[in-house]
Amino acid sequence: MTFDTAFMLSTLPAFLKAVGVTLQVGLIAIATSLLVAVFNAAVLVFRTPYLWRLVKGYVELARNTPLLIQLFFVYFALPTLGLKVSGFAAAIITMTFMGGAYLTEVLRAGVEAVPRAQLESGRSIGLSEGQLLRHVILPQAGILSLPALFANFIFLLKETTVVSAVAVPEILYTTKNYIALYYKTYEMLAVLTLLCVLLFLPLSLLLRHLERRLQHGQFGN
Amino acid sequence: MSALIEFQGFNKFFGEHQVLKGVDLQVQAGEVVVILGPSGCGKSTLLRCLNGLEEAHGGSLRLDGQDLLGPGTDWRQVRQRVGMVFQSYHLFGHMSVIDNLLLGPLKVQKRERAEAQAQAEALLARVGLLDKRDAFPRQLSGGQQQRIAIVRSLCMNPQVMLFDEVTAALDPEMVKEVLQVIQGLARDGMTLLIVTHEMAFARAVADRIVFMEAGRILEQSDPESFFSQPRTARAQQFLDKFSFVESLPKTLHKELS
Amino acid sequence: MASSAIELLLVSLPQLAKGAGQTLAISALGIVFATLGGVLYGVLATLGKRAVNIALQIYLELFRAIPVLVWLYLVFFGLPIFFSLSIPSFWCAVLVLGLWGASEVGEVVRGALASLPRGQREAGLSIGLSGLQLYGHVLLPQALKRMTPPTINIYTRIVKTSSLAVLIGVVDVIKAGQQIIERTYESVLIYGVLFLFFFFICYPLSAASRALERRWAHS
């Protein structure tokens, strides 16, 4: 078995572009998910009437169904209701739908992990509820949920491979395309594996480092 | 007569740090040896080596004439003959008292349940805890858990029992109940190797005191001479620290002010 | 519309059920292999053997760095080429879910075992238990409470991820749904049903995981 390295090199520009698409979809989805999550987490933490139940329901629905079904629903079923979306838009919408739910849980758990005694001691020195949130709860909750947030960012970035199913030209779609066109299966699988390792392994190792550093949510070192 | 336990030129390292330096120690069958010494002197490590929980790095160690540091040593077999009781009891939290006691006899020694259970219950009765037979460890006080841990080792019918600071984690009022059990074993003629900081107990129970510092044995003698006139300055300093508390003047606060 | 929708569902039920059977079989087998492999991983990772730990670390990082869908393609396209071994896509899916799940469950088991006080291991050894007895009677039973809730969570992820099998050609519940849509164009209805199908499997599992976690939080 020999590798057609010349062919592999010739696909390099296309794969570079595909990496761009992967990062684009992933980073946009992370940003929009985070927006959704901050809003939702605030609703959950303050128990906003009615809205609170709605958010709970959304989180459960999104967390307990596969991304692929959500994606197919948006891409294939919504158009019959008159909502036609491109593959790219469907990808962003579904990944935000799912990612928003995951990140909501992370942020809520982070706030809940701040010890009760912190709130009490904050109140005891006369802080208002708003000041309490800004100066006591959020900074600590942020640190506490940092590893989980980062883990979910990486998870979302990896999940972008699923949107290859609706023809978004990210790394996996590009691989499949080349395999279908030129039958260079093992060269392309090798490139795909290499790309995954280069893209995701450093992030994964960084996460492990972050987890160790923040294991006890400590400050100052 | 050869000794039951025999350390010779025994060495042990933690990384670069040598924690046991050429230790020579012989214990005869039926003898009660108490090892004293400041924290970090290696006394606990010495016990743990005898149970195979720590690896030795040189010298020799014999149990009843059998070389334990050779490659063919079956530590599972050795451990059935050498019982060990730990500072924090380490009862198995998911098992009732009786199941804790029977695990070794049934699974390791493959003994008959009826016979092992009868022995376990007799030993429980002896330490005054037969009524806790079906309790779980978390329902028991520290002193009760430690007595159960002693019985757990005794159920294996060991030749030797090792006690590693077994009262150090206990509230003062529970120390006595545990020490009484150990004293009972000593009276029965069991071979005991004890690491403790309870000086009065050491003096009462020991046939011989071994004083260690910085990984070496500095002196060995009978308890009366060790406590009344230790031969080394280090031992004298060590004993002074303990007698300091006992001899505190009642009006200390006035002297300080 | 409503009555015709019910009619359509009734007519398509056998086809959907057959696909659902494949989906459930892949998930169930994946869960079984993930659990067995995960326990093995957890035990090996707590033996304190350096070489073993390095091997497990590489295995773990490979499954963390490479997305499951990519693994599916690697196995599906790669096994025939690299090992001249052609296995049906159904078993490709089971294999990948099992190996991926084992790495995830394994980390949970390792963490639960590592959280036990060191003395439990030493106390077990000191009464002469063998390694197998030590894990079987002392360590794993005590780690059970800590590892069960997160492991159930991984099961829901395995069920959700089993949906990807359709992309390597397994005729699962999604494929069955798509075939029905090709005939009837009822995509909203069918995808809605598929959505609920997964939800009604996964929601009870995650609810159970949460309930157990709460109940065991203080013991």
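Order as written gives the chain letters A, B and C; numbering starts at 1 within each chain.
The rule we apply is simple: contacts are C-beta pairs under 8 Å (C-beta built on N, C-alpha and C of every residue); 3 or more make two chains touch, one makes a residue touch a chain.
These are the chains along with the protein names UniProt gives them: A = Amino acid ABC transporter permease.
Please read these numbers as outputs of a predicted model, since none were measured by experiment.
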item: Chain pair, B-C or A-C, that carries the greater number of C-beta contacts; value: A-C
item: Centroid-based (C-alpha) most distant chain relative to chain C; value: B
item: Centroid distance [mean C-alpha coordinates] between chain B and chain A, Å; value: 55
item: Geometric centre distance via CA averages, chain C-chain B, whole Å; value: 47
item: For chain A paired with chain C, centre-to-centre distance based on mean C-alpha positions, whole Å; value: 20
item: Touch list for chain B against partner chain C, complex; value: 51-53, 75-77, 79-80, 83-84, 86, 88, 90-94, 103-104, 107-109, 149, 152-153, 156
item: For the chain A and chain C complex, residues of the former touching the latter; value: 1, 60-61, 63-70, 72-73, 76-78, 80-81, 158-159, 161-162, 164-165, 172, 175-176, 179, 185-186, 189, 192-193, 196-197, 200-201, 204-205
item: Interfacial residue positions of chain C with respect to chain B in the complex; value: 117, 119-120, 122-130, 133, 137-138, 141-142, 144
item: Complex interface listing, chain C residues touching chain A; value: 61, 64-67, 69-70, 73-74, 77-78, 81-82, 156, 160-161, 163-164, 166-167, 174, 181, 185, 187-188, 190-192, 194-195, 198-199, 202-203, 206
